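Please go over the structures that come below.
Next come two complexes built around chain A: one with chain B, the other with chain C.
Right, the complex of A and B next:
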């Protein structure tokens, strides 16, 4: 189908140009993070003339900055654990059994994944304030369950439906109890699915700003909110802001290799 | 797949359902409750019926925000879907190029949304940004903080940058799932490249394209963080989309009634779209060809 020689080489021009388009703004962010604020504002250069790690040092030494990362990490990890643990048995139920209202519940879960966070910001604020959880990590972790549990259930259900039912039946005939079958036989079979679900819960909780910002003020303030408040304050330190941005990209960039074949599947809720 | 009838399976799902109910139902009921009441402060509420709904549905402000939102979603769909499809078709199908493409293309998808805003703010500013500086150097009058057209273009290009890869990855997953036998048959028949695309690839990509359109439409329909960081809804309120408007109303001005009514209307729109998505997803669930191994 593809002709040899120039045509096929020209063909790769499109993806190459696209990747260039994707990487240029990221390169610019990286460049900025290695410049001092004076250099950013006074001269215009395509690469840092005097590369410096000063901006990163500010973040690693100033509690207002690095506590933002710690706070985000805490509630994101809590949310990932809660979401995956709650979603595992639920996804098994949806993939293996028919029960009262199963289709309606499955649809209702989806609507929560699709719901605009803006709708929930104010009621969340009131709900978590009234139960005394405002400005705690667990409040954000629970609030993010709104979209992450449905996401995890849909992804896991997609993976579980790919495992033949005969495996379950054979195990039960061999005398396995449900918990033993689930942990000893079934979980290893869908290990990659659990990894993908955990990855996406982590990611969607990590990238969310509106709810996390609404539910916190000081003690659990996420890095995203620290960044936006620096923007609104007058002392715009672009270098530090860029360095903070680079550091938030790292978690995703580190694990992206392991999930590269599953990214489409995760975004499409396990259905591609 | 055949499933057995077992109502006890509901117990397996109950921890997840209780958690989602706590995070979703209680706030939603609060919203519905506010949307039919008014207050004079000190926690005294009285019934106003559909008053707030009438106000919202007839207000210029809501119409304007809704129109902007639809225009934005339509614009990014019109660019991202064909572009994503074209890139997926041109991507290498085997060898080391596949992994390199997948990893580099997925990168923007995993960047926190506010950082996407920051990246584009830094990239597009006239004084310090590569893009803004270059455009100004060529004599273009580009300033996204003052010119509505420039603000719109910046936001659209930013969204294309952020999300086109999702369309690419979905289409790519659909493409590699097409059996080689189809292409071989086409070659024997001497089919042109266009005929292969029109009669083999496009029909096979039907479902992933539909998923891509729906996902991109819904996610762009509730965009908040990126315009909030880059333009803050401005200049004026030319980029105040539905979510930005709603947050201003609810948390900025604390107009509980109208904000709640708007939330319900907003949610109902999303509900309709979700239903469409669900129908698409479950209708062809048995069609194994659309899945990755």
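Right, the complex of A and C next:
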């Protein structure tokens, strides 16, 4: 239809538009993080005129900032590990066994996804305070399990049901014990499912702010909470905030990169 | 010897196995033959211990193994779908039962090599099952069943999902593969010719019950029940309710054929007769016999299967050579009276053709 010359010029149009629409906000965040507050507020520039890493230096040297990252990392990792470990046996049971009310229980696992997290903030705050878990990493990790374990069960169940039951039976016939079968034969078959479930747990825990902030004050304060408290007497520290934003995107981007081939199946909760 | 004593299995009100008793000797290839839903797979799962019978017991060499866990049974299963461990190499797939048993590496090497040699898997040992053709995948499953040297080997329609050529090839090899093993080998199929070809014994199943069991030729020549004759016949057996009167067999609307001497010696009365499709000849109309109308002909290359109808009675004839006929053609059907099976109205054999 089009002449060769036109095609070669037009073929850059799609990626150009793609980059323009999708990456502009991220690009803007990145340039802001490399500018001084003065440049951000006084001039309009498409790229930093005097690039500076000072904003990043603030974050890496100020304990109030970097401990936010460490806290977030700790409770997110704890949550991911707990969620996946707890969801594996549950998902196997839902996928392989019939028991009283199995379908209903499986469906109602998702009830916690039907309410905004704010609903749970108050009971969690009271509960964790009374048992002395307030402002600890494990408190946030456990609280996030409320959302993440059901989600992980759904994702893993989908992947597990894609493995024929005859493989389980063949393994038992061959003489495998259940733990050996599960770790040596079954887990490798649903490895991508485990990856995807871990990714979703990571992502939801990493971006969740309300519960994480409610359950912490100092010792386990998450980075997102630190970022929302940067309004100081001297006004907003735009540059540092932008640098913090860039650093917050990085872990998510890294994890997404590793499960990029399987994410679509994850959003379909493991169902093909 | 594997012995099943009045075993029953039902699930949600549906009866899968109905008070079934069976004895299977070691060293023989036993074929369970039956149409789909006759309970072949259910029976096999009971034998393997994957399912528990609702009543009845299973005995292996006289020892009661009912309720014994699958892991502790000395048994190997090959499924209709090619079931292998996708994440393991072909070598590890075959070695799997030996590894679990804790065999030494040298022994595993030797056993796997031997099985791979026998099944022609030598060049593929380092590949993954998914990289093999269907026939090769099933050979891997067979090799795994072989190295385990189990005393009970269950093959559940292992060739059903293979294409025609591979099926014939593997079918010819199967008896050789398990020859000399002292195991009870059970093979299920819904194809009568497969049962006749490879079975040392054939057991016919119908609605969760054994109809008859025995050597394939004996069963084919003298099926003790009508249903057994039907299960063993492909194309389907012609079955007809008749009234015997002297040497004549009357059916439908005063049609009659002569039954010959053997029939004449039976008591007069109502019978069911069975006639295999290749014992029914098709001639031009007016040449005697039964006047019927051709409904459909299937030409398979060297043979022609003619389906014809007279009133409500349907006839199937197998002819040598290619003789296509248009639907609606009038023909004479000539049954070979010497080849008639005669059953009483309950389906028990009264008279079979002499061999």
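Everything below uses one rule, namely that the second predicted complex is superposed on the first by the 247 of 272 C-alpha atoms of A that agree within 3 Å, B and C clash if a C-alpha of one lies under 4 Å from a C-alpha of the other, contacts with A are read in each partner's own complex, and residues count from 1 in each chain.
Criterion: contacts are C-beta pairs under 8 Å (C-beta built on N, C-alpha and C of every residue); 3 or more make two chains touch, one makes a residue touch a chain.
Fair warning: this is a prediction, and the values are worked out from it, not measured in the lab.
Colleague: Kindly classify A:210 by the partners it touches after superposition: chain B alone (first), chain C alone (second), both, or neither?
Modeller: A:210 contacts chain B only, not chain C.
Colleague: Have a look and say if chain B or chain C is in touch with more residues of chain A.
Modeller: For chain A, the partner with the higher number of touched residues is B.
Colleague: Once the structures are superposed on A, label A:189 by its partner contacts, choosing first (chain B), second (chain C), both or neither.
Modeller: Only chain C is touched by A:189; chain B is not.
Colleague: With both complexes overlaid on chain A, does A:167 touch chain B (first), chain C (second), both or neither?
Modeller: After superposing on A, A:167 lies in contact with chain C but is clear of chain B.
Colleague: Between chain B and chain C, whom does A:176 touch in the aligned arrangement: first, second, both, or neither?
Modeller: second
Colleague: Kindly classify A:92 by the partners it touches after superposition: chain B alone (first), chain C alone (second), both, or neither?
Modeller: The answer is first: A:92 touches chain B but not chain C.
Colleague: Report for A:112: first if it touches chain B alone, second if chain C alone, otherwise both or neither.
Modeller: Once the two structures are laid over each other on A, A:112 reaches chain B alone.
Colleague: Starting from the residues of chain A touching chain B, keep only those that also touch chain C in the other complex, and list them.
Modeller: none
Colleague: Going by the contact rule at the top, pick out the chain C residues touching chain A in the complex.
Modeller: Residues of chain C touching chain A: 48, 50, 70-71, 73, 75-77, 79, 81, 83-88, 96-97, 100-101, 144, 148.
Colleague: In the complex formed with chain C, which residues of chain A make contact?
Modeller: Against chain C, the touching part of chain A is residues 164, 166-167, 169-177, 180, 185, 188-189.
Colleague: Using the touch definition up top, name the residues of chain B that touch chain A in the complex.
Modeller: Spelled out, the residues of chain B in touch with chain A are 1-10, 12-13, 15-17, 19-20, 22-24, 26-28, 30-31, 86-87, 90-92, 97, 99, 101-115, 118-123, 127-131, 133, 161, 164-166, 168-170, 172-174, 183, 186-187, 193, 196, 208, 211, 215, 218, 221-222, 224-225, 228-229, 242-244, 246-247, 250-251, 256, 259, 263, 266-267, 270-271, 273-275, 277-278, 281-282, 285, 290-292.
Colleague: Chain B touches which residues of chain A in the complex?
Modeller: Touch residues, chain A against chain B: 1, 11-15, 18-19, 21-26, 28-29, 32, 40-41, 44, 46, 82, 85-87, 89-90, 92-100, 102-103, 105-107, 109-112, 114-127, 142-143, 145-146, 149-150, 153, 161-162, 165, 203, 206-210, 214, 224, 227-228, 231, 238, 241-242, 245, 248-249, 252-253, 256-257, 260-261, 263-265, 267-269, 271-272.
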